[in-house]
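Each in structure tokens, the structures are laid out below.
One chain, subunit A, links the two complexes that follow: it is found with subunit B in the first and with subunit C in the second.
Right after this comes the complex of A and B.
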């Protein structure tokens, strides 16, 4: 079946084919993939038949429906403490079309860091995960996701959640390997001073395709969002980034920023970007910027003059783009894991 | 008590006069093959054009209404009169021969005076027909052709028109391009021969007088190799309680190393649906400069497009959009980089007030063969009050690694810090805010000839009083 996902909140010309994506020949999702973890002290795990958090998601209703039809259990991780230890969820996808459903709940004044490590046992396969979150007052949820999948793997990663007053969501995503990747996040910044911080890095090669849709929905006064996207395209790879900062009437004092930086490394790559700001409130500040291209000639000349070959310069700069985001991961052991993946 | 600033709406009283069109010839309301045939007969079209119109009508009926952009539900084509010919119409070269009431209209709009003082030639269209067209002798002596499109269609340039007409904007492009292809009437044809530089601008002015009518003029400009032209387009209409429609089409062919500056001050009345299509094709080393001020209309869909077809071709797009009460102005630009070392520069400003909605929409496409191309875009939006809306929807599609693309956008209100700074330098708050708002729209003003910049400032009609916010 074909499934429409990642639709932007305000449509533009259809000929650009950027309003949404129709994923062709999507397989029905059947059963859960294996996930290993140990729950740190202070975090309570529950399993439910359905999601208990009511929220929109970045990839949208069609993707939610697809996952719901898989009838997998929803694993819920909840905390009321400031949990220092990272909840590490190691996903091992097999060659079947699998689904996983996760809820993350951080109560008032609590903190939780979750690391999702997506790996595949097979070169090819399909996997989907939907993560919903709920962040209480003055609470902070950090979600770190690293994707390192088979070269023919297709992966759907759908996130959505709601913030209470002064609730902060930090989302760090690294897309390092995999064939077709579909990502989306919706953050409901409906409470005063609620905050979203998103940092995404990707490295695509061959005929890899990454399709993204990120929606920061501001209705809360003085709500904040900062979306940074940095990536490298090689060979015939293709990427589409949709980022929306949606200032609704009443979100006075809100500030939103999005920035994209793309390094193009081969002549057959294709980069599509649509950074949207919707503004229905006077007292806001919204900015977006994009910088897309090859390496700066001056930098190339300087590095070549220091005896570094062109190919080595590109390798170095590509890794540096990913590491610049990876280095913002607070946990050294996760940073080290990413470094090892980049060296593979 | 802090007094709220009121940024006044554009004073439209200048444009709201009209005269009765009881003696004008009109086709019936609506859009049928018979009406299209009737227009074609009235225009004395060559056979190929009649067929072209009927095929366009077929396309119009096939293509859906856009599912993006502002609502056009208030526009019912069954109520629109697509062809209105003023009484005693004939195209003349002397203002004295123009029927008195029509001449009065253009005199109130200052067109004859502008022609005398600052233009190389003028075309004036009233409803569906050109009523006046003239070009200065010295410009004509350089071989510059500036005439109405229909004369050109029957005269010595007939083959040139057939070769270029709706080739850049085919009727299949979108629903209102198809509509234009079916019912177009009036408009200008300009040809600037190789190497000729037209030092002072040409202007076409479009006036839509009849209520419930549509205006569908076609502008075709060919600037040959190494030539230069500045063309100015102005438009206005009195306000009615029924919807009016403007679905014009502008096709610009910019030759090798040629430059065309195309300036528009659009000031349609606020019952107007402005669904206009403008497109330029730029050859090697050529340049198109779009200067656009959008002030009028109830709803606008306006995105001048540049196709950079030859190596080193360039485009600049500079615009300001001012959306006030009852207006939903969806404006922007499209650029396609289709050859190596092409460059584009986009610089826009939007102001929303009194419940007005402005949307900046753009597309920058860099194709695989456009190696070494560069594009830079800067768009800024100013929200003047808390009942208005401003959206920014830019898209970039880059299909080569050898390109340098930059884009930045900002949305916000008048900065308190800037006001504070200016006040610390001795300005009153009122003056400081006025200065900031005027400065915000200055990107277009400074690109226009002085007299048009003054007109634009009058149009903005900003009246600052007290403090905004």
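Right after this comes the complex of A and C.
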């Protein structure tokens, strides 16, 4: 079946064919993939038939429906403490069109850090995950996701959630390996001073494709969002980033920024960006910036003249981009894990 | 000491895209450990000669030969030529955003030797070498050449020379744009290279200041893509006094 996902909230004429994406020949999702973890003290785990958090998601309703049809249990992790220890969820996708459903709830004044490590046992396969979150007043949720999948893997990564007053969501995503990756996040910044901080880094090669849809939905006064996307494209790879900062009436004092930093290694890559700032409110500040670089012949010659071969130059540049984002992860053990993946 | 290191014969080269010939038949022989000076008016083709020896794909070799360490290198890629021991200090060093100076040099050494460097060994060696060049250590963590002043870029080139220890280095106007103190510092760096590595040098320059502390074995005058005169060190002073007029047709 074909499924439409990653639709931007306000369709535009300018990007007629990129307003959404039709994913072809999507497989029905079967059972749950294996995930191993141990729950740190202070975090309570529950399993439910359905999601208990009502929210939009970045990839949208069609993706939600697909996941719901798999009828997998929703694993809910909740805390009302300031939990320092990281909740680490190790996913091992087996390739049989698996689904996972997760809910993260951080009560008022609480804190939680979740690290999702996506790996696959097979070269090829399909996997989908939907994560919903709910962040209480003065609470902070950090979600770190690292994708390191087989070279023929197709992966759907859908996130959505709601913030209470002064509730902050930090999302760090590293897309290191895998063929087709579909990413989306929706953040409901409906309360005063609610905040979203997103940092994404990716490295794509061969025919890899990464399609992203990020939606910061501001209605809360003085709500904040900051979305940084940074990556490297090689060979025939392709990336499409849709980033919407949606300032609704009433979000006076809100500030939103999106920033892209892309390095294009080959002429044959395709790099597409749709930055959208919608404004129904006057007293807001929204900015978009982009820096798109190419490795020109002169730079290549300079680096080669020091005895570094072309392949190694590409690798060095790509790693540097990922590391710049990875170095912002507070936990040394996660940074170290990323470093090891980059050395592979 | 007459170990032939570099032998260039009848080298002609043109800009790859334009088919415009810039080098019209260059002959040059440099033995191991020797110091040669190339002088010539602006636009004569000095930088082009340096880049072409280093295998720059933007120049096409249309005739003649280049032998380095007894091997024909005209068809080798730049990184392979560098691995054999050739080094080029650029007239205009390139800015490389995203890669720190330290990371770049470390990667270069590891690529050359094929072995991983131990982090602390490398750090120590780097900071000692930076001291010789009067470079602030903080530059190690800055992106390579990005925002460096003209003089700082030239120092960073010599830093790479000292760290990579090539057997043959082409210095393309490493002394131009440097203040009095910086010329002295860079000269010390070059002396250090001579002392510790003992490699051969091909120094492209318009001035004599950088040569003061070096024993020059030969001077070549390049005019309009050709070497029109060869002489010893005394040539340099003569050119500085009388200009290139007598070599121009």
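One rule holds in what follows: the second predicted complex is superposed on the first by the 320 of 344 C-alpha atoms of A that agree within 3 Å, B and C clash if a C-alpha of one lies under 4 Å from a C-alpha of the other, contacts with A are read in each partner's own complex, and residues count from 1 in each chain.
Just so it is clear, a residue touches a chain if its C-beta (ideal position, glycine included) is under 8 Å from a C-beta of that chain, and two chains touch if they have at least 3 such contacts.
Note that the structure is predicted; figures quoted are calculated from it, not measured.
Contacts of A:293 after superposition: both subunit B and subunit C are touched.
Judged by the touch definition given at the top, the superposed model places A:127 against neither subunit B nor subunit C. Between subunit B and subunit C, the partner in contact with more residues of subunit A is B.
Once the two complexes are laid over each other on the shared chain, residue contacts for A:18 go to subunit B alone; subunit C is not touched. Touch criterion not met for A:227: it reaches neither subunit B nor subunit C. Of the two partner chains placed around the shared chain by superposition, subunit B is the only one that A:264 touches, whereas subunit C remains out of contact. In the superposition on chain A, A:275 makes contact with subunit B only, not with subunit C. Look at A:191: by the touch rule set out above, it reaches neither subunit B nor subunit C.
In the superposed model, A:307 lies in contact with subunit C only, and not with subunit B. Once both structures are placed on chain A, subunit A residues 293 are touched by subunit B and, in the other complex, by subunit C.
Against subunit B, the residues of subunit A that register as touching in their complex are 10-14, 16, 18-19, 233, 247, 249, 264-294.
Subunit C contributes residues 51, 54-58, 77-79, 82-83, 87-88, 90, 93-94, 96-99, 103-105, 107-108, 111-112, 160, 164 to its touches with subunit A in the complex. By the touch criterion given at the top, residues 67-68, 361, 363, 368, 371, 381, 383-386, 388-413, 469 of subunit B touch subunit A in their complex.
For subunit A in complex with subunit C, the touching residues are 263, 293, 297-299, 301-310, 312, 316-317, 320-321, 324.
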